[in-house]
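The structures come next, written out as structure tokens.
In the two assemblies presented below, chain A is common to both, partnered first by chain B and then by chain C.
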Partner chain A sequence: MLPTSTWALRKASPPKIRPWVSFVASYDPGHWVCGGGVVHVVVAGCGSTDHRGTLEYPGRTVTLEPAEGEVCANCSMTGDFGNCDMYKAKLVKLLWVLWVLAMRVSNITFGRAQVAPPPLDRAWWKMGGLAAEKHIQYILTVEKRKDDFISVVMEHLRMSGAYWGLTTLDLLEKLDTVDVDEVVSWVMKCQHESGGFGGNIGHDPHILYTLSAVQVLALFDKLNVLDIDKVTNYVAGLQNEDGSFSGDIWGEVDTRFSYIAICCLSILRRLNKINVEKAVSYVVSCKNLDGGFGCTPGGESHAGQIFCCVAALSLTGSLHHIDKDLLGWWLCERQVKSGGLNGRPEKLPDVCYSWWVLSSLIMIDRVHWINKEKLVKYILDCQDTENGGISDRPDDAVDVYHTYFGVAGLSLLEYPGLKAIDPAYALPVDVVNRIVFGR
Partner chain B sequence: MHGQPRKPPKPEDEAASAAKAEKLRNLQSQFLCFHHNNIYSKEALEVNAKLLEINPEYYTAWNYRKLAVEHRLTQSESDPDSDSDSVNSILNVELKVVESALRQNFKSYGAWHHRKWVLGKGQSSLDHELRLLDRFQKADSRNFHAWNYRRFVASLLNISEVDELQYTTDMINKNFSNYSAWHNRSVLLSNLLKKKAQGFFPKEKVLNEEYELVHQALFTDPDDQSGWFYHLWLLEQTVKDDAPLLVSSWPAHDSNLILLGDSCLEDSALSPFNTFHSELGTIPLVVYFNKAVEGVNSSTISVESLLNTKGELTWKPLSTNNSQTAQVWVTYLNYPDIKLHSSEFYPVEVSVGHAQGIISSSGFHYSHPSRFAFKVFVRPFEKDLAGHGVEMVSWREDNFLLYESRSQESNPILSLDQLNIKDDHEESSSEWRAETIANEIALFRELLSEINCKIGKLTLARLLIAHDTMLSPIANKMVHSEEVIELYSDLIKLDSPHSQYYKDERSSVLLQQITSNRETLLRYCFRHGDRTSSILGNSICLRLNNLSLSRMGSIEKLLWVQMLDLSHNELRSIEGLEAMQLLSCLNLSNNKLSSFTALGPLRLLKSLKALDISCNEIGSHSIDTTRYLCSSPLSHAEEIDWIPDETVTGDVNLTDYWEAFLIFKDLNLTQSDIVGNAIADEKFKSFLVKIVPTLKWLDGQELQLH
Partner chain C sequence: MDLLLQFQHILELDPLIDEVGFVHPTQFATLTEDSTGDAAISDGTTFWCRDHKLGVSTQAVLPLYNAAKRAFIAAMEEYKRLGDDGLESEVMKHSKALLLLSSDFGTAWNSRKLVVSKKQQLSMYMGELLLSALVLSCSPKSDQAWSHRRWVIKSITGKCSALQEILGKESELVEKIAERSKMNYRAWNHRCWLVSYMTREQVLHELKKSRNWAGLHVADNCCFHYRRRLMLWILKDSTCKLENASPVYSVEVSEVWKEELDWNEMLIKRYIGREALWLHRRFLSLCWMKQFATNLHDVSCHSDLKISTSDSFNSFIDNELHLLNSCSTLPDNDFEDFQVQATYSATYTLWLTKQIPEFWFEFQEKLTIGNLKTMLSKVCPERSFLWDSLID
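The block that comes next holds the complex of A and B.
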């Protein structure tokens, strides 16, 4: 019989008296200290550390001094604590939830990261960490908006826009708000007689939008509307003699297209239709001395390109070509002081790298080398909590692209309430399982 | 959208935006109409050019221009009045359209590709291209499109790599904070070094100059990352051999292996480190290289022995994703079929690399032919003990006694030194290495005395490790290990967001320290008191528990280990453990393993019998970080043979447990502990019992036999 653990956080009415609170860290449940703002989380588990990094042990005296508007909370545990390490996993989760709750109250102190309280006109602290409802509304309205300049400029990549928006909705468990038949029939109208898809109706076919179309259909479990062989022939036909892939008949070569071809055919279960060995060796030929990858041999490492190459190698079981420690160090150094990630050394952070860098770090099992909490905070800071959507940097204009990468990044960070996403297929894990394991 | 401030639209802005949108929409629909009707008139091309000037990302418009160019070139070919000038003028228009599009957005993939496509026709003059590039690279010295284009133009113009190297020098001298320039430099320089181009051989002098260049960047602003990765690359170039090297083996050189020895063996002349018991009827022979190699087979490694009577040996790469490249390779020597004299030693001699064929993944040949030898002593198998049956292995603390070694016995570390292959490098080269590293160490100590910076500490730690490794490339005598560990501990505090990186590095150093000599290693060797556990061929347990290890390392020195306690650490992965082919009992309890796929290396351990993974985080995480490091249907590395049998699957949906199925189906475990993982409910346990029919104990409970 496993021991059980319980926990809770109590929000107090505005405190009148703020006494010093002393308690002895123990295995006894029931220590409650309440204030009204910052939450200090103290875990009374042997071997764990408190918010200041001090080691916990039974019998240690903990003194909490809540300042104006602070909450001090103590997680309580019941059960057999003969082996506290057993609870590490649970405690991490619990800290996580407490932390999210804390976001609703106000800013949070963790370790040394003390951040100024948000200005009053920033509404996120009223609504909780992720403004999920707002983002859903934002995506649904952007989808309908067709008349402003931005929408017209983006018209040629509407297929990718559909993939970003719909995947975001699925991660937020709101895909059912979309009219499936409408989307599917629109997608199919973008297919060209060659088998490839264009970015919109009447636009030329390109491998970029072919993947987006296949991903959108996979989200809805509608791959059966495709002539799989036709799409496969289009993609396989773009492989060049050296193993690389062109984006379309006009011959632009880039490792992005290698990933796209491999991912697309993996979703269609037709990877055997290309020369995988040559495709892999081309990707490997784009590896740099810093461990990263570029567009073509000799091209500079860039996080987006690294994602493409790492994912291409993942999907073909070829990760042994990567020096995981070297690439991992380069990638983890993309995290800047604000907690956000940049895409190349000495560049500004951008929410989209929450996807490119994070997914790459996950695929090579080095994601623990960055500080996840700071990154979560950075992404949440880039939300437009009034009108929904996420931008590249705090207070910039939002778009669907960054909204998707922000939400997908949070999913990779195991943010509560979001579906898990697969780092290589860039689709929700349940969709990938359905494809791969036929469920 | 990047870098646009978020602000509520003002009414006048909205009106302007609507007007702009209207204009663009008109252009787009006019264009699509021309495109769909294959109209390539002057008017159509002008509409297209206007469209691309506003929206260079409109890829179909670039495609259309290419169609138009081809159409007009065909026309001019058939026109008797046309000359090369008319072809040129067609192409020049294209170059101009690209230029104006790039002025609007010089990150436009479509525009850059169109320019390459036009130049690829081989009709245009390239003189203008470098000037254009200079302008763009001045405006944005980090634009990777421009750098890619520069490489393209340089190769069209046959500009020498030496000249391009000079260009990167100029760029760096202008502003050292230019990672793009450092990157291009590393590409060019490594090509020149590889080709041994004039002035770039020997590499010593070249590298010294590069060190000086990068020092300027690092010491001017240690927080600027531009030079960090270049310096690390130089360090690699300085200390690493290109050619792969054999670093260890099992059985070790000069060892006396006692085969079929039981755990009661107390012959003082024999070391328990070398006793080995196998039910499989084979002895594994493991070779461990310093880097992944391919081409290990019976012609590149010859084994001479009486034991191997069954013809050619088959070597298998120990790779977790079924690749044919691996750092560690294994083959199996058969037990003698003939009745061997039980009191004799049978010599085995292994020659590695006397025939060409062992090649590193970067294409370098194994160039240090080496030979190692060991003897096998076959001890009669005592039927009584064998029939005694297997008992549960207990990891209880009071079962362990610190191992007291006897001086005369052979030890597992010493033999590694004897394996040392003669270094045939030139004296001067190794002197240069030592001098360079010593110089670097001095410089970085100086830097740190002036400023407390993380790159200084990290580089110093790396340099000290490189120094120690150079002193003894195989035995890794760690002179500086204490200092390095302290540096990493400082870094954990100094740069807390990356603390886990430093923890991982520290764990590696700690393990190098522990395994660096016999005395330190023996402190972690225990005699397992539970004499009845006849799973073990010997009774030595290596206990690396409670050391805050976050990753494994130094496995090349632990190939002899049959019982390993790694409990109460912070391990997230057990990468590399697949090399420990003798392992039969493994305790991984109380670590941070978060999924079954993290146990992928265990699939290659055929003698594993007892596995404790209790109190980990399996089932607690929605994101699996080892999902693609373990071969599975996801990575197309293998398919799962689902067992449709209802009695096996019961009411369990196999898709929920595919990871566990993948890991456990090939293991012949007799005991396992999984309690304390979120996934380990009753349903899962009954699933596990069904897919591992050899299992006798689960979570300390004896299973009822069906």
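The block that comes next holds the complex of A and C.
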């Protein structure tokens, strides 16, 4: 069984101020794109609340509270200082110091981000809860299974399979059961001379599998085995004149690829190697009147595409392009009677949308518009409690993809015993802290 | 005989095969019985082919896949090493077999793109459309197969005089596949993508043609979205032309909108509680008010036009309120549909007032918003979080 103390620990450790706003990029007074890196500057007033939560507690309501008799304000700055031109970086840092000094002098204190208690009661515990051990076993056996039809027809996307399975294990705090060297050497064998990765050894490179490979290496803290410039050149080379991204040399364009490029280069800290402004304006051009996003301009809104577009805008500090009430409304209408979420109107619910819809709602601060308890119950109902794994709907056949999205959804819902996951990077929060913020 | 050879032999014997499917061994027996000996090609256990339909036993799929994959990889390696023209046919043959068994095997699609783009023959490009259609017959959601078609169309644009005809056929293919595979996002996304290559006449034709289909599939949001895409295209096209043309054009477009609004209302009343219909109405009303009602307000020189617009605006509001009222009366029975219909109509009204603040007052005058909240909390308590945030 999972140690219950994890929950207590998470609750006890006070959240740090910086992470609160680190992925809240669109707050006034906005952000600056500075030299190489994108720098977000955020000022939040006294008593202001935010439903996105902190990096450690995504989705939880956070309030900035002053100590008694004090006025408080909080300014936070995050971003990739690594590659921006030194002069500008110094200027930004100087401004930051001045801001801090000004607050000190005027006797304004930094408020502490107070994280609200988990919104869910513990009733689901009594229903048997998450069969974590079974899911771990399931993933470990799927990984070894190589000769039945299902695993064989999936072999062209094994890299994504590896990302789904390994991230699930990490969220369940069991990544140490995997042989790191074996995984890393296999991942590196999938790299093509162009710098991109294929879905398996000998397969053509594609941006989809390049992100999965980078994410897997990030999980194991092994990004140092990469020739970062080579991967960066591959991804940056796929940007088109209009700012969009192709999936590979054959030129299919999709907003999924925009997200992948932006996420991949953010992890590699090379966002400055693409034209961010054009990339953002392409994503915005795919927005529909219902507030959602499609694959290309004029494409139908789909929760998966919405996740990609919202996360791409979030990672580039451009969430102000989104009408949050409008999109939030569309997203919360995805919740059906059973508590599950669908990806489009009139469709059946599916566990994978627990990730796509929920993470989007968190990023735009509208997650309080859905019923979280019912969603938790729906995901738990989709478990195979005997053999492990999670399916799309109750009583269907399980697979790694839905197991990952089920567990990731539960993590966003703050289910006890799970590591927190970042809604934009789709990686555990501690991994994001390590690679993006260098701690 | 070798399984893969046998499979490829059948594919060569009948180049017109337009449908492939996997058949369970037990179904196989009935198939063989039915096909009383005549034109069917069958070995009784693995393959069955008649009327250009090919069935493959599910038991044979795994060994067949493995053989096809081995053959494909070997052919591709040879081809890359020697770059020999003679090896191209091997690559094409084996990738075809492989893709029929595993439709999203991207590397196999890519190998075909490589060979075809080297040859630059129109007939080969057309052949790719055929193969992709065959793959879609058994895997209608295959992302790669749809993407391959877009690659073909992009490649032949400017080189082929029959492009408009091809676009028409593409559109028909989507409709055919959508008939069997409901709410197929990939298929409809392809159709939406085609629009940017169409002429105004084609767009108008598509709008006319898809109406019938949409009326028969009222829960399929994809088709309604396709119509939205077409309508926005017409709107944009007209506003571009309006700059140096007469306002007659805009009247024509407003007619398209008016007709769609009336048709949608008829469907809403006929099919109770369909989400896709109400979402379509949100779009129609939003555009109607933004484009026609407000736009024409500005045309101060056409005073007669303005009066008629303000009239039509008032009658629009009245009509929507009337629709809301007729949909919110819950009959004295337990049919859930009416409750759902009441929720959708109230949500629709609320959505519209939020999107178009300048019309908020008009609504407010004729409808107490408080009532709307009471009603929503009653018919749709599960979304109370949303109502509480939206209606203060």
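Details
Criterion: the second predicted complex is superposed on the first by the 312 of 439 C-alpha atoms of A that agree within 3 Å, B and C clash if a C-alpha of one lies under 4 Å from a C-alpha of the other, contacts with A are read in each partner's own complex, and residues count from 1 in each chain.
Quick note on the criterion: a residue touches a chain if its C-beta (ideal position, glycine included) is under 8 Å from a C-beta of that chain, and two chains touch if they have at least 3 such contacts.
Note that this is a predicted model, so its numbers are computed, not measured.
Taken together through their common chain A, the two structures put chain B and chain C in a clash.
When the two complexes are overlaid on their common chain A, residue A:Y401 makes contact with chain B while staying clear of chain C. Contact comparison for chain A: of chain B and chain C, B touches the greater number of residues. Of the two partner chains placed by superposition, chain B and chain C are both touched by A:G298.
By the touch criterion defined above, A:R344 lies against chain B and chain C together after alignment on the C-alpha atoms of chain A.
Contacts of A:V225 after superposition: neither chain B nor chain C is touched.
Touch criterion met: A:D204 reaches chain B and chain C at once.
Of the two partner chains, neither chain B nor chain C is touched by A:V180.
Within the superposed three-chain model, A:S318 lies in touch with chain B and out of touch with chain C [touch as defined at top]. Stretch 433-441 is the one of chain B that runs into chain C, the other listed stretches 397-405, 433-441, 559-567 or 613-621 having no clashing C-alpha atoms.
Residues 148-149, 152-153, 156-157, 198-199, 202-204, 206, 248, 250-252, 289-290, 294-296, 298-302, 326, 329, 332-333, 335, 344-347, 368-371, 374 of chain A are contacted both by chain B in one complex and by chain C in the other.
Contact residues on chain A toward chain B in their complex (touch as defined above): 2, 83, 85-86, 88-90, 92-93, 111-112, 147-153, 155-157, 198-199, 202-204, 206, 248, 250-252, 254, 266, 271, 276, 288-290, 294-296, 298-302, 314-321, 326, 328-330, 332-333, 335, 339, 344-347, 350, 362-371, 374, 384, 391-393, 395-399, 401-402, 411-414, 420, 422-424, 429, 432-433, 436-437, 439. For chain A in complex with chain C, the touching residues are 148-149, 152-153, 156-157, 198-199, 202-204, 206, 248, 250-252, 289-290, 294-296, 298-302, 325-326, 329, 332-333, 335, 337, 344-347, 368-371, 374. Residues 61-62, 65-66, 73, 101-102, 104-107, 110, 113, 147, 150-151, 154, 183, 185, 188-189, 192-193, 195-196, 219-222, 225-226, 228-229, 232-233, 274-276, 279, 282-283, 286-287, 351, 354-355, 382-383, 385-386, 389-390 of chain C are the ones that touch chain A when the two sit in their complex.
Residues of chain B that touch chain A in their complex: 1-7, 14, 17-18, 20-21, 24-25, 28, 32, 36, 55, 57-60, 62-63, 66, 109, 113, 116-117, 142, 144, 147-148, 151, 177, 179-180, 183-184, 186-187, 190, 224-226, 228-229, 232-233, 292, 319, 321-323, 325-326, 361, 496-498, 500-501, 504, 568, 572-573, 575, 590, 592, 594, 598, 614-617, 620-623, 625-629, 631, 633-637, 640, 653-655, 658, 675-678.
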